[in-house]
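First, the structure itself, so that you have it in front of you.
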Amino acid sequence: MSTIHLHGLAVYQQQRCLLNPLDLDLHPGEALTVLGESGSGKSLLAHAIIGTLPAGLRAEGELRTDGRRYPLHDAANRRHLWGELLAILPQEPVTALDPTMRVLPQVAEGWRGDGHLARDAARRRLDRLGLQAAEHHYPHQLSGGMAQRVAFAAATLGGARLLLADEPSKGLDSAACDTLRRLLQQHLDSGQCLLTITHDIALARALGGQVLVMQGGEVVEHGPASRILSQPHHPYTLALLAAEPQAWPAIAHPAAGDWLLQGRGLAKAYGSQQLFRDVDIDLAAGERVALLAASGAGKSTLGNMLLGLTAPDHGSVRYRDGLSRTAWQRLYQDPVQAFAPHVPLHTALHDVLKRCGQPWSALEALLHRLKLGPALLQRLPSQVSGGELQRLALIRTLLLRPALLFADEPTSRLDPVTQRDTVHCLLDELARIGCALLLVTHDAALADKATVHRIRL
Amino acid sequence: MHPLRSPLLTGSLLLAIGLSAQAKPLNLIGPWEIHSLDPSSSSGILFSRLQIAETLVDADNLGTLKPGLASRWQASSDQLSWRFTLRDGARFHDGSAVTAANVVVALERARKKPGMLENAPISAILADGKDVVVVLGKPFAPLPAVFAHSHTQVLAPASYAADGSVTGIIGSGPYRVTRLQLPQRVTVQAFAGWQGRKPAITDASYQAIGRAESRSLMAESGQADIAFGLDPVSIARLKSSPRVSIVSATLPRAIQIKFNAGHKWLNSPAMRLAISQSINRQAIATALLRDPEMAASQLFPPTMQAWHQATLPALAYQPEQARRSFAALGWKPGADGQLVRNGERLALTLRTYPDRPELPLLATALQDQLRQAGIAVQVKVGNSSDIPAAHKDGTLELALYARNYALVPDPLVTLLGDFTDDGADWGVMKWQNAALSQQLAALGRGGLSAPQAAAARLKVAAVLQQQLPVLPVAWYRQSAAVSKALRGVSLDPQERSYRLSSMSWGR
Amino acid sequence: MTPLTSRAWPQRLGYLLLAAVLLFALAGPLLWPDYAGQQLMRFLETPSLAEPLGRDQLGRSVIARLASAARLSLWLAGLCVLSAALLGCLLGVLSAWRGGWTDTVLRGLADGVLALPGLLIVLIFSAMAQGGFLTLYIGLALAQWVEYFRMTRARSRLLLASPHVEASRLLGFGPAHIVRRHLWPELAPMLLTMMSFGLATAILALSTLGFVGVGIQPPTPELGLMMTEALPHYSEAPQLLLAPVAVLALTLAALVLLRPLEVNS
Amino acid sequence: MDSARQRALARICGQRLLQAAIVSLLVAALCFLLVQQLPGDMAFRIAAGRYGYDYVDAAAADAVRQELGLARPSWQQFAGWLGQLAQLQLGQSLVTGGAVLAEIAHHLGATVQLAAASVALALGVGLPLGLASGLAPGGWADRLTLGYSVLLRALPPFLLGLMLMLGLSVQLGWAPAAGHGEGGNLLLPALTLGLGLSGLTARIVRDSVLAVVQADYYRFARSKGLAPWRVFLRHGLRNIGVTVVAYAGVQLILLIEGVVVVESLFAWPGVGHALVHAIFWRDVPMIQGCTLLLAWLFVLMNTATDLLCLAIDPRGPAES
């Protein structure tokens, strides 16, 4: 197996350079991980290599392997390499599988050799991934983790030398992340090349090999993972690493006050699936509690139950008297979905101010404290970045002076730096008004730093 | 084209035409769907027209009676019983003989249904050997004409189910039914047992096509050999078509407006005459019927030779006269031109129905002509039954309809019904005239000499022309589009027969 | 609204056509007001300067009838579509909001009506009273409300279960706010699209009913009726038939083109 | 068959049965309303239908009234009628006196024949056009299809039918203009309905082709190294089929509506034709029968499309 070289790879939009020229060497068995913030041109890199850049964008440079050269500006010259030299690990495995076809043929069709052997090869591959029972299933009958393994099998059965994985861990819980890590490792162990594009530092650390840090379309640091992830030089890399919750300094938490609510013997089932039962929960004013569990265990449901949005099948929740209905607030995982999509932020927040009878200055003060410019308010929710919007969502709840804020994975879609800033803002503001926090997360390190108590479901 | 091929082709074409003249079935189309086989239903007449079922009496173009299933008939001296002698050797299509008993059964069934027989004062129908004897409650001179009506079709006993409903048409005419596809199609074939002349057209089928435009296109494209029920405009267009020619006959039918003569505004003959003078019949006939001759100058069309009176002064368009008459009656035009009397505006409702496609169009034209005279007319196009229904409950004001005075070959039967004292659904309303009733009754009793009868008819026509209980608008010409390959096609003014048996394919 | 010039050409053409038809329908009856006056002896007069489309079989002005017919079609169809949209939306939101029995009953009803093709509903209704504007209106509106109901209900259910509505409820906002800020902005563009389509359907249905003979009654001019009446004259006076056909086709084409077309090339 | 599919099957059949039941009730209620609202005397109308306009008079109406028991209060008639409906007896035609079911049975065959021919024609024209334009969006085929579908949408079916009659039959003499029972009679009505549907079909096919080609799984399949035509055959056709079939089910309503007009124009003796006549005569049991039958036909076709969807796509049709 020989090395794959990418020489002078760059992406242009007309004359504007979106991705500065860079050289990459992909060695068999060694991972290459591209780390960077959103919008740094990471994904363009993958598309430029495969030849699937959107219309209007142009790639330059060339791909060299086995003594052949493939100029990158001609997207078509690599089509015949798909499946043979280049393979793509789909970002969202569930939508990457044909919903009308069973698993086995979808995997088998990636086979490059003799057609008769394809099904056997696919079956063996599925067996190895622990999917022997699923080969006659349809995609909608698979769990997220299973779909990921099927997609992996389908992408790699052809034996392509280079596997491209673009943000493979996006939106996965920790268990699924572990599976992913193992799959990619297996791929490397079989002597193939792997190019991973991610902002997940943990994944980069687990894969090892080479790391490439990008910022604003430019490579700012390049080297072995072991060095870059422990002794970074570039300020951006430094900031990236410091933003991991593990690296945060300890946070001083306020003391808990009077009781706020008591949940007793709570249970919920959807259809035949029991989410949880006999859950007791107590929350006190100003208290910070994390709710930890695997995905699908009913964390959000339990939180909604405490907010009074969902009725329990069994058990009951008692609230302290004298608190208004708006004292129980929630932050959402995806802030874009928490705002009416067609209403400008200015109007949305103005409505809230009018509703709780607060002056415009109250909002301005909060904006100022959370480092948000007032010009932002002229936009629609979809036109504001995730971190900013999550802070606006926080401001919206703070205006109502809540007693409890239920934050459901509020930062899981943000890159590490933004996550750190947002969580700190959140904690500061809650401490200022003595509001309790119930934080749902799958990140144990984050839970450690941001809360005092932890509940496992 | 290759020089040799041309004569060959012509030859084979000629051969094909020659062959087709033998085998080609005749395609007739018309608007009437076949909903029921019962002779009393609206579809019943179709089986007479296709010459499948016969009646005791037949009629010629002028309505003169001639033998049908009965070879002769004779009234008793007191005019209270009529004897019809059946044709010798007549057979039904199932092979059974036509007997007097069979005829009586068929006629008794017809009497139980609403229909033409109601108009005759029949007290009994009996079989007497080969004769059928009809006993009357009082003298009724036009009785034989009643037995020419399709309601009195004679069907074989096997045509009826146990409950009396008709399940098949087994008649005794020159054609027999080979296939019935309700509601659309009847296929017939010449009946081998027919005693008369063998028809040249041996196979024919009738198909119901609902829309007039579809029918004219079928005729134009050659798909249909004869198309009935065409609108005037299509007829004008088809006249120039290379494939078809137009065959016409004037019918004893009049398009007329019925007045509610009991209505407070319509109860004077002067008012009705003024309305008549406001109508430009000539324009209507020219523009809408495409046939200026069809403008009605009196109720009875010239084709009703005995009843049409050439000496009567014609009804004419005299708007000035009309205006003066309205004024004399107290109706003065208001600011918008509408006539007003004592604060009441002259507004009337005209009912009509779309079964005959020209009627709504005529109603629209009349509406505008009367509007110009100052009368606001609201046109209600509805079901044909709305007119008798409104007659019954007294809400009718004006109604426009086509009246067939040859329902039976002797118009007297219809006239007796329509113009008798108490009025009738399709005749006068809340109007009576002693002189007219008297003359009609005398004609009905019979026994008048020819000049006496003629005088009586003149009197009737004159009264109708003066009093205008119904207002004639137009007469009626029936036209059909006929394939130029057909010979011997003529239309029956009595609408009793398609005369298939006298047609042939030309060379 | 995006400015006209930035839209795709089919849409621009659609707006242009619709504007032309609307202008004709609104201004036409003012310019040629007498649609019923007949001059029988001038039947089928060929087009002239005074009568740009000539006269019909009753000697009536064709252009006056056409303008009046266009106005009637647009007006009646617009009324039907508005009513149907209003009814459908109200019931749709109600069904999505209340859920439970309300939803079950309404959805069952809608499913039933859906299985009854619109034309059948209108036919049955027109059978009740021939030529009545009211019955035509009720029939057409009843035939169309289901689409709006289904769309509104489906969208509203999704929206009402969405985090942003939940957030608004937690913030203490009531139904009025949720309808105004969350439902309406989402539903409005879809409603507009559906209404332009519904308008086309209604106009088509009106003319079809005229053709079948249960629609508007003469002498009121209506496009389908005009076509039916003009049909026999197709060879001697083609403009009589072509005029209403052109107006109908242009109106429908305009409405079809107005739909945001999925030309994502 | 797996249990999920069986459940989906049961759900579809249940839903559609319920729909058929509701529509039956609705039609019955509408017909009841019709009876209540009918202007004028029912007996008169029926007599007009039976005996013709020359013979309808008060005496004929009286006879009809007696025979059919129309003097009963209408709610009693309706109750009896609902009872009959529950036993699937559609009663007797008020005009002809024949059993409605038997009369319509004759018409149904003709309607089904026409509908099948039209759908086949619509697919025959619409599928290739849609595929050609969906695979090259914005290309000439796409524009052509757009124009074609706009044109056909802007033509009312009766007009299209007349144009075909004039062109194909009167001018060219290729097909019989109207009627039933001769060879070639089916051509024009089927063409009228089929062409009308094909414009829409082409657009639906085009949109779903575009959606499928841009789908994640389609691109992923391409990236596995499959040749474009293999990807289209393996992943394109079936998925395009799902959307096309699902959407076609909804659009079949156009077919049912078209049937009414086209049958009347071409004198095709189908249910739609019978319906127009029944409405003309106010033959309420017949109206009810025809409407029910057309509605059931629609439900049946929708069930068929649902089942077809289920056969192609294991997830089954989307919940309505």
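Should a chain be cited, it is by its letter among A, B, C and D, assigned in written order, with residues numbered from 1 in that chain.
FYI, a residue touches a chain if its C-beta (ideal position, glycine included) is under 8 Å from a C-beta of that chain, and two chains touch if they have at least 3 such contacts.
In this text, all values refer to a predicted model and were calculated from it rather than measured experimentally.
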Any chain in contact with subunit A as well as subunit C:
D
Once you count every C-beta pair in contact for both, which comes out on top, C-D or B-C?
C-D
Maximum distance between Cα centroids and subunit D occurs for chain A
Based on Cα centres, what is the most central chain?
D
Hey, how far is the Cα centre of subunit A from the one of subunit B, in Å?
87
Separation of subunit C from subunit D, taking each centre as the mean of its C-alpha atoms, in whole Å
21
Could you tell me the distance, in whole angstrom, between the mean C-alpha positions of subunit B and subunit C?
43
Subunit A to subunit D: how many Å between their CA centres?
49
Indicate the residues of subunit D shared as contacts by at least two other chains.
39, 162, 166, 264, 276, 280, 282
Per-residue multi-chain contacts in subunit C, two or more chains
213, 231
Quick check on subunit B: which residues sit in contact with 2+ other chains?
213, 382
Between which chains is there touch?
A-C, A-D, B-C, B-D, C-D
Residue numbers on subunit C that touch subunit D, as the complex places them
10, 108-109, 111-121, 123-124, 126-129, 150, 200, 204, 207-208, 211-214, 224, 227, 231, 234, 245, 248-253, 256-257, 261-265
How about subunit A: which of its residues touch subunit C in the complex?
307, 309, 324-326, 328-330, 332, 334, 337-343, 347-348, 351-352, 355-356, 393, 396-397, 400
Can you tell me which positions in subunit D touch subunit A when the two form their complex?
4, 215-226, 230, 234-235, 238-239, 242, 312-315
Can you list the residues on subunit C that touch subunit A in the complex?
162-168, 170-173, 177, 181-182, 185-186
Show which residues of subunit A lie in contact with subunit D when the two form their complex.
50, 52, 80, 82-84, 86-88, 90, 92, 95-101, 105-106, 109-110, 112, 138, 140-141, 151, 154-155, 158, 160
